[in-house]
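Sharing a structure below in structure tokens format, with a few things to ask.
In order of appearance the chains are A, B, C, D and E, and numbering begins at 1 in each one.
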């Protein structure tokens, strides 16, 4: 219909920022620390995946006659109390720490997002119920909760997932709920309702995509947290069990030799520190990149 | 205000009950026996059975739970299976220590975190900012058990400034409070910074500048109070975090607090004791929430107004 | 107080009522006395000496023990010790309301079981003959009864003081009363206990004025406390990995006090579980473990490889037939048993136990792989472990056992009697052993008795391969130079009497 | 111009922002004068740079992203461009002050009205607390806040929008500045309240003699209260005139379009479609070449697409930035 | 002005028991001379919406905001009914309750005689095809994460418009209709200007060929030069698609140029209803009069005209004054105004809620 000649095809800003994604990437890349963090995380992931191919050493071998060897060309960081190559152990530890960081964060993210969206969107009794549940989880000192789970279910990797997810989902739900409440007031949600769009569709197609940036940020920030939790649990003896090598466990064990072989404790501690820092850098960077305030 | 407080407390009761139920279920559905645990290696099966029956631990789950709940509602948390002492007394003994630890850690975290956050925000992008934020992130990223060990090594063993462990006076509180407070300080510093930056973008800051107010006063008079509101809000979460941290800190520094008791209780499946200590810890968290809300309202007149019951 | 000894342990004893504990004897050993005392007479050696009983007689049939009490022994509350106190103490232990733990030390007393069942209100075999004479009649003769009377659990209480306190006895200084060299004056749960010298102690006032015992959970903290001179004694058992540091440190190597321990590390084998129902597999398991290596590398060689049920230092101990370390042969045995390609087994690991156990498990996991055992370490919490042990389904685990009293019965009966083998999940249902152990209990001729135990050792360890003896270790302590007269107790316990110790 | 009647004289004001996509000239060569006691309008559509112009004058453009430069900004004989930050600060709130658009967000929610409104006094004078309080009370009366004494110790959220905006004006005027910049002071208000506020501002101008720069996108407000008008488009002033001249003889096609497209409450509805300016407001980061208005201009000539027109004087101080008024008639 | 008496419902007893007048029937005579339509499309009767605020200790509702309070109103087919009034007077709320986007507190909404609030969920969902809304904020009304195609397709899919190809085609058509190129379907909202977004919002509302469209401040956020474009578009679409508009705005100038009839709201009440010309040239309610006179005129020559000014602000809807709601600001208020609330009743041929209407 050409009668509306008033419209010219001149667009606010068409060329460059044609996707949210690219925009985010650009802002993210301007943040030097975030990029460094991302590189470190990338390296970590790479190592975690390919370590069996990289390292010539067996992380579980016990060679008691090679205990506490100092760093050498064979054992770059020396060996531990069983004569295992410390570097290899730490790199295998990266695997566990990553898995422990990612899996429960993801589970709590999924649970939290679903709960949060339902709670925020439906409101009323559902909201009260879910929020009471979340309050309960949040009021429970998390380490104790995790310990109870680990003690009762048994200390293994799978139960760590359960424990940490149990600890983590409530916080996610809270954040997602408050965001949902804000989004719910948006006119495009109202428009969808006015069109007769069903609740499920609104939640899936409107609310969920809009909380994704928040979820990404929460995810990236909860990974380091989960790594810390795991290290605390392992330190208390209810986390990952030997002979697996999570960093927390390595520190807890290495601590016994702090005075005779300090590297055995210090290096995994540093690994935790670096990994947690890296993830935090990435998380901060993502938050800045996805935060609407930071744009323009 | 009083109504508000009462209301808040009333709301938390279901939370407390839910927590006790949760714990009860978790510790009871899984096989494991507090009596066998208590008697360990030496006791014969008959002795174990006899003692268990005497302690009414053979009753059905629900019976036991409601017996516990009923007594708890009357203020009786029962007697610890393992310690054979009244749970309330035990906790009241341990509680002040944990409270002291958590409170001093909180103070440390605020005294460090808030000024650091403010300075970083004010000098946003400067070297100082980077340094402070790096330092905060380090605090956040360092496992407590790890920094505790380092501090003990440096300040107690090498420098001999502070005692290694124990809880017998002011000098004993310093190190655990620092260890525990540092990680929280990082969180607080980061939050203060981002909150302040957020507030500095608001219109009324521009208004204050338009009046010709010095920048420092703009921050002090106009930005700070508003920026600290969310910082106050995380206080409640901080209480939970500090209590979690206290479990480790108490173990390392030999502090006879609730954290130790709870760990003992978990390990021994000592239900009454665990229920008691978790109830106390949870109550503490809920109190933290409450205090945060009250502070919130003190800081923010909009909420104060609401709490008085609707605006006129 | 001038002469103060500062020590520490990792867990709070929770009570001073020795009838209510089986783990914590430091306080009872110092606060109470027993009728007979087991005195350390040399490294790993002990002898029974008169305690509260000046003397005692055993009847011909070995069933009646008459104890003559020392006169004028005062409890801390000023009461004089009488025969009635002794009768009360043991009756209290057997009273089902007490819920006492170590009632088995009185199991032999005539009428003890009825009292414990609640079918009797008194114990037939316990009698106060007069103010200072106690007669204890046994159901059957029991050779080790005097040794039992020296066990910490046999500490003597005061009836007048204890009876009204019921189950609150021993929880605080105010509710604790003994005749021992020290009085409990302070008790802060999870924090510390303070003992003061008992001026009226019947053997004379101790040299120490005060003992301060702290509860410190973290072993590195313990060590730091010791090094910064806040503790006088560092018990290396709490941090075994620190030993090399202390033995090689110029400052400390002269301060290490080590002594053998009448106790042994072992691997438990559950015969009810496949593949350990096959003796060849058990033998292979025994042979596949390189005990010497573990002792040398993980325990710094401070101890001795053991091959029997009895550790060195125990009455009747004699070197047993050595178990060969031979992974090749073990592999062959496995093949014979039908596992030519190796066999999957599990080892139980309790998460809250000290890491030395998990180290042991990890090491043998690596070691016995060579023989074809594919080990999975199954971690569980202690209560789940105890539950599975009770159910007889527990996987093989490693532990150690130190003597409560110096008699082979303490080892054999615990593990291989009819009840012991079931309760501990060995399931070594060997009626011949059961009969022999019961018989040995009442044998009065020491030589014959020892010979029987040695024979059973061979049967259990060699023929049936029912368990794996590992080694007995020395127990090392490091003490500050000011500490004098530090003697490692005969059984190698961390709990000991400090009566004779001095500090400058 | 060193005319004594001129209070503010801005010459070639340029403000640039550093954005992620490079720098954007948001205000590009703005020059205008404000006579003493006059009300000068700055009108233009959203994003045309009105607020940034005002903030630039105040020295409140966010640094370091924003960069302001000007040949001169003479305020009452002082060149603001020559002042350092501290001297500029001392002028703010005393010599020139500003009232913002959103009366809700422009007031600090956690400080009482007297604290906020009296603050310029505490900054720029030595008055004591009591005296400030009295002054604020007096000011509240002046701006027509009913029950002024009761409104001193309340918080902003306890006041209605109209009262808040009055308080903002009281705050702007409390140090009796020579110049008040009002950035859309009534946009957030209802018409009846708007009418009250506008009348108040005119009354104050008459009484106190404060000159006002009135920023708005509402030509109605301009017509009601301004003496002089500057029309902005895409960061530039496109037309500058006495208010009567502007409405009687709009000379820039944009101004004409604007005037034509405002619906008039006073006129009966016409059968025709309403007039409008085709196209959209340009993106400052992607300005067209030549005249910035050329893509939407019905009268565009070839030259308009290549070369920027200058502001040409049409006589009587009436100026327009358009090739139509160029002496060469837009010949290329 | 014809057909008035044809539709005079007379004095009807309303739900609240007071005697009220339904507004005069429409004379949809436009100057354009279009054919008058006189069917009532949608009507409300005693419609109220109260928002609870604050809860007491036991969860009892303490206080309410009477956002809409007993509004009775008829809107006729193919007319543009403008709702004006100051911020917070309940315009948006009324619009939403009429579409059942909010639940009513009392009263009825009838669409072609059918009580919307009595329909079950699925019937209501089907009904939504006919009832649409266009929002004020062009930036908040489009989901930033959806392409234009999906935004337009959603209502079609919801109502099972047809195959994907048909939907695609329809989306293109809709863009044509609002004057945007079809090629823009794959873009995201942030790539459009405010005016363009508003067109997309309109296109979405039109997707299922509605009959009744609520335009809630649909042009208020737009620049003047763009505003006229959109108003023209709305007017053209009305003509083509036979739409009925409820046009909510606070901008009286727009009302005058755009609406057929006007309802003036004050604090949840309808205070005056009439044709645009009647209202503007001859306001009966004092509030209407003040409202109109307060509009700044874009003509400097009129600046010195007599401008009656209201004093004070609107009272809070939480605690309304007794009597007439306008009484506190009304210079003509008398004793009865302070005690008795005037009903919306015919005063001089037009429904006015005033004890002392002007010009009579």
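Note that a residue touches a chain if its C-beta (ideal position, glycine included) is under 8 Å from a C-beta of that chain, and two chains touch if they have at least 3 such contacts.
Not measured: the values here are computed from a predicted model.
Visitor: Strictly by the touch rule at the top, which chains does subunit A share as contacts with subunit D?
Guide: The common neighbours are B, E.
Visitor: Chains touching subunit A and subunit C alike, please list them.
Guide: Common neighbours, subunit A/subunit C: B.
Visitor: More contacting C-beta pairs: B-C or B-D?
Guide: It is B-C, judged by the count of C-beta pairs in contact.
Visitor: Centre to centre, by mean C-alpha position, how many angstrom separate subunit C and subunit E?
Guide: Computed from C-alpha means, the inter-chain centre distance equals 89 Å.
Visitor: Once you find the CA centre of subunit D and the CA centre of subunit E, what distance in Å lies between them?
Guide: For subunit D versus subunit E, the centre distance works out to 33 Å.
Visitor: When the C-alpha atoms of subunit A and subunit E are each averaged to a single point, how far apart are the two points in Å?
Guide: Using C-alpha averages as centres, the distance is 49 Å.
Visitor: Would you kindly tell me how far, in whole Å, the mean C-alpha position of subunit D lies from that of subunit C?
Guide: Each chain's C-alpha centroid was found; their separation is 91 Å.
Visitor: Find every residue in subunit D that makes contact with two or more other chains and list them.
Guide: Only 276, 278, 280 qualify.
Visitor: Where in subunit A do residues touch two or more of the other chains?
Guide: In subunit A, residues 6-7, 10-13, 151-152, 252, 255, 258 touch at least two other chains, as defined above.
Visitor: Residues touching two or more other chains, restricted to subunit E: which are they?
Guide: 193, 196, 229, 232, 236
Visitor: How about subunit E: which of its residues touch subunit D in the complex?
Guide: Checking each residue of subunit E against subunit D gives 30-32, 86-87, 193-196, 223-229, 231-232, 235-236, 250-258, 276-277, 280, 290-303, 307, 309-314.
Visitor: Please give the residue numbers of subunit B that touch subunit A in the complex, ascending.
Guide: 12, 14-15, 18-19, 22-23, 26-27, 29-30, 32, 137-138, 140-146, 149, 153, 198, 201, 237, 240-241, 243-245, 247-248, 251, 262-263, 266-267, 269, 274, 278, 281-282, 285-286, 289
Visitor: Going by the contact rule at the top, pick out the subunit C residues touching subunit B in the complex.
Guide: Touching subunit B: residues 12, 14-15, 20, 22-23, 96-97, 99, 101-104, 167-168, 171, 188-191, 214-218, 220-221, 224-225, 227-228, 230, 352, 381-384, 386-388, 390, 399, 401, 419, 422-423 of subunit C.
Visitor: Provide the residue numbers of subunit A that touch subunit C in the complex, in ascending order.
Guide: 60-62, 64-65, 67, 81-82, 150-152, 154-156, 237-238, 241-243, 252-253, 255-260
Visitor: Could you list, by residue number, the parts of subunit B that touch subunit D in their complex?
Guide: Listed in rising order, the residues are 202-204, 206-214, 221-222, 225-226, 299-302, 305, 311.
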